[in-house]
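See below for the structure under consideration.
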Amino acid sequence: MRPILEVNLAGLKLKNPVLTASGTFGFGVEYAPLVDLGTIGAVVLKSVTLLPRQGNPPPRIAETPAGMLNSIGLENPGVEVVVRDILPKLKERRARVIASVAGETVEEYGKVAERFVAAGVDGIEVNISCPNVRRGGLAFGCDTDTAAAVTAEVRRVAGNLPVFVKLGVLGVDVVTVAGAVASAGASGVSLINTLPGLAVDIRQRRPVLGNITGGLSGPAIKPVALWAVWRIYKEVGLPVIGMGGIMSANDALEFILCGATAVAVGTGNFVNPRLTTEMIDGLSWALAAEGISDIKEIIGAAHK
Amino acid sequence: MIYEAEIVTQRKVATGCYRLEIYVPEIARQAQPGQFVMIKTSVTLDPLLRRPFSICTVDRELGLVKILYRVVGRGTTLMAGKKLGRRLNVFGPLGKAYTVPPNGRFTVVAGGIGIAPLYFLIQRLRALGNEVNLFYGAQNRFDLLLAEELTALRTNLYTATDNGSVGFKGTVVDLLKSKGIPPADMVYAAGPPRMLAALSSVLKEAGVTKAEFSLEQRMGCGIGACRGCAVKVRTPDGPVYKRVCTDGPVFNAEEVIWE
Amino acid sequence: MRPILEVNLAGLKLKNPVLTASGTFGFGVEYAPLVDLGTIGAVVLKSVTLLPRQGNPPPRIAETPAGMLNSIGLENPGVEVVVRDILPKLKERRARVIASVAGETVEEYGKVAERFVAAGVDGIEVNISCPNVRRGGLAFGCDTDTAAAVTAEVRRVAGNLPVFVKLGVLGVDVVTVAGAVASAGASGVSLINTLPGLAVDIRQRRPVLGNITGGLSGPAIKPVALWAVWRIYKEVGLPVIGMGGIMSANDALEFILCGATAVAVGTGNFVNPRLTTEMIDGLSWALAAEGISDIKEIIGAAHK
Amino acid sequence: MIYEAEIVTQRKVATGCYRLEIYVPEIARQAQPGQFVMIKTSVTLDPLLRRPFSICTVDRELGLVKILYRVVGRGTTLMAGKKLGRRLNVFGPLGKAYTVPPNGRFTVVAGGIGIAPLYFLIQRLRALGNEVNLFYGAQNRFDLLLAEELTALRTNLYTATDNGSVGFKGTVVDLLKSKGIPPADMVYAAGPPRMLAALSSVLKEAGVTKAEFSLEQRMGCGIGACRGCAVKVRTPDGPVYKRVCTDGPVFNAEEVIWE
């Protein structure tokens, strides 16, 4: 018997708990030659703003020990283009879609979300923790009141779609912020966004990234992400999409055992572009090997 | 598109330069000059990301993909340590190829390891019977790679070395200037950014508009999803960032903004 | 010509900028068979409390990608034993000594520091950022007022010794806390302490560490540490002891270029017990190769 | 104390079990039974920490240190992949050795890979002409390692296997109970924690007080500095944590608190 992988993520019924992490899977279509988008739990799109954004000057990527820094800076073509050119392609491929929204003001978040809701998506992720933009982004995630305000605004326009707020862990107490966004109507939280970081080119005696600082992702941050998921599950009790350095089905299980209802593959897509697909099979095998018939049984099981 | 490719040849061809041949018939069959592959250099989590390498040539019959690479950091050091019989995880072919017109006269400008993608291109151009003027610069005579292979292709070869140990003494762009740019239906180039920037202004001055350059940038995904490999290009609507991995690595020289 | 490695760390003249990170080098004597303690910049002792502490239940160590978690929990024999049994041995070996002090109350920090000052050390490091103890430690580092109070108290008893306050980066804005401790009299800051983290044993379905959570150290956190050093150098301008994943002379240079006056080797000691010694030579070679005659020239040079 | 040691033998001796011999005369010369070494299993930053392994025996003349290890995770997997001629960075010898009285009768209890440190001890005990009763348990007959070597040492060997494929069917502690604990001047043991805990209570019941156990714990430094390798032990002043790396790995069975 194949173990049951279906999960109910804050009301959203998913075939399996494997999602993509915003910004690492583009708008899904880029990976379509490699991954059958209809088979993964849901595709979380790159964060989108109201108007197009050009992003930060290159270099935008630096490798670090078991991790990488990025300073993309929310480059995206703006919500209209995404809704018009991309959503139809995703629908054609029967992908479940969670749109990630970003902005510089509370209103912008609301407008972008509204546009996605109108166009038809399965859920909204609110990125209030991007370390690579000056206004909005991280600034919102670090202030409990603004975090709550953004959440409330997106909640207001989201109808009955689930709203996941994506949090970082630096510069804030993640439990406090999670509590605030929960009160403001978040259906769940996505944990964690990248940590701020910097890499130095010692030959040139300057930072590697054009933007100087960037966001750290990959296996290096997995322990921090697990810590955050553990705490939110235990202290806030919100549904969690766990991410940070997930490179294998075993990594995914670690997050699920800590309390994540779903997991997202980020940097892992770069290392193995077929990782999402392979992880779904890997989860089946791992559960079967342990005699677990339904993945829901082990969500948060490490707390017992 | 992702294969575990066995190493068939791993040979040092110059100080810090290696020639790698891997058995991966699917890529060998599809690859076009200018395209690249991304290789995982370690099975552990460090180094983490794949490394991009141009396809230097392929042997379709034997199913081989050949790569010419220089050891510059941790990934390439690990790669150079892998011997015959070991397997490498290879993703490709990726990226846009050079435009290869069926006939004409062509000028190719290579700097250092930039010869790698251009060799494949020259093979193709010569196979079509086209005339190729190759300007090829390197630090010294020993760094001029693929010497025999290039001779066999019978291009008009002009060499430059920084120390003058063979050919023109100076940069390949200076050589080109001193010889005068031969009339060509297309100029192709690959090499260090500084060389490409210099070449770009030389070509501009000379009024040469048809030129394709291979660019490099640090990469995440290699397939256009992460926007990590940005390069600034001119468009009618002003400068925008394009992706080296899918909009390139081959770009029209004119559109690139050198910073 | 051998490049000059001497640095002036907030008034403390050091032979070279290579220190040991508190807790990773014991009380120095453990490493004496491997490292000539008199040759390294200074030995920073394991954090010491007023009374002996037993520390946390095992397992206390978990390996993570390019890093490790520890939950030692400030196990130490108490300040009296350290002053009586250990300081004399360090003096015999002509080691420069920076004592790390910890406690559960502001007064305890003061008393421990006072005892060290009386016994004769070269500087005091104030650990207000240990993630592995419930009271004191992290709690102090996360609250700007308490951080300032602890600093002021240690400053008061420290006479003319330099006082370095050791900061973490999670749950707080490190620039704000650094500003607060600077105003309270800190001579400099040590950056960074471990990040909170967790590892899961998926077979046993529970956290690896006996204490559940631990502190993440090693190369994995280097980008975050560099980011913190960069920001403090730029925005606060305090002297910095940089640490976090330093495994080579090149890593040390990255920190120095970002603005660290000295660097500390932590987890690196476990991987290569002679790393401190080898790093001093490595720095000489690296500087010579770049034609730099004095390491002071490049402190903060990546900001230019 | 830190050496780049060449691999002289790397041989699979059972499913997932390897025998490694490395050339490192300084350690071979100094090592005592019960001590261990810490080995770096990768030159990259992942896996990061050294792995501790008991010294299974040494060849002082040839300068060899021999290790018997089981592949359980990433580090040991990488180690098993290293062939003859490769070098391993080795730190040691570390830790406290077993007490080896000049004469007497001794009982040795080994579980699984726990035979590794005990083999070195038995060699020493037998070289001194002492009588050794060895109780050795494993999952099945193929997991009973060093069979020939142990025979050559002429111990009184009693074996147990979980599936009864050879010797007593059951655990080695059950075997010991069923045979009755032979009178001994010292009992030595190494094996999985559960076995040692069970053995500890059997010995306690039997009133045996002189017993030394080899313990394992995750380690950072290996030299007593980091306090990462804590084990709880009884003292007159109540329970305290001791360090497996320097207070052990050999402990008096009586003092260990099993949790």
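We just call them A, B, C and D in the order they show up, numbering each chain from 1.
Everything below uses one rule, namely that contacts are C-beta pairs under 8 Å (C-beta built on N, C-alpha and C of every residue); 3 or more make two chains touch, one makes a residue touch a chain.
All figures in this text were calculated on a predicted structure; none of them were measured in a lab.
The minimum number of touch steps linking subunit A to subunit C comes to 1.
Subunit B and subunit C, compared by their mean Cα positions, are separated by 46 Å.
Rounded to a whole number, the gap between the C-alpha centres of subunit B and subunit D is 55 angstrom.
Look at where the CA atoms of subunit C average out and do the same for subunit D: the two points lie 36 Å apart. For subunit B, residues that reach two or more other chains under the stated contact definition are 45-47. Multi-chain contact residues of subunit C (touching two or more other chains): 65-67, 218-219.
If touching chains are joined by edges, the resulting network of the protein chains shown connects every chain directly with every other. Residues 65-66, 219 of subunit A touch subunit D in their complex. On the side of subunit D, the complex with subunit B involves touching residues 42, 44-47, 74, 78.
Looking at the complex, you find that subunit A touches subunit B at residues 23-27, 30-31, 33-34, 46, 54-55, 57-63, 65-68, 70, 72, 75, 218-219, 247, 267, 269-274. Here subunit D touches subunit C in the complex through residues 1-2, 40, 45-50, 91, 217-232, 240-241, 246, 259, going by the rule given at the top. Contact residues on subunit C toward subunit A in their complex (touch as defined above): 64-67, 69, 142, 169-174, 195-200, 202, 205-207, 212-214, 216, 218-224, 226-227, 230, 245, 250, 253-254, 257-258, 298, 301-302, 304.
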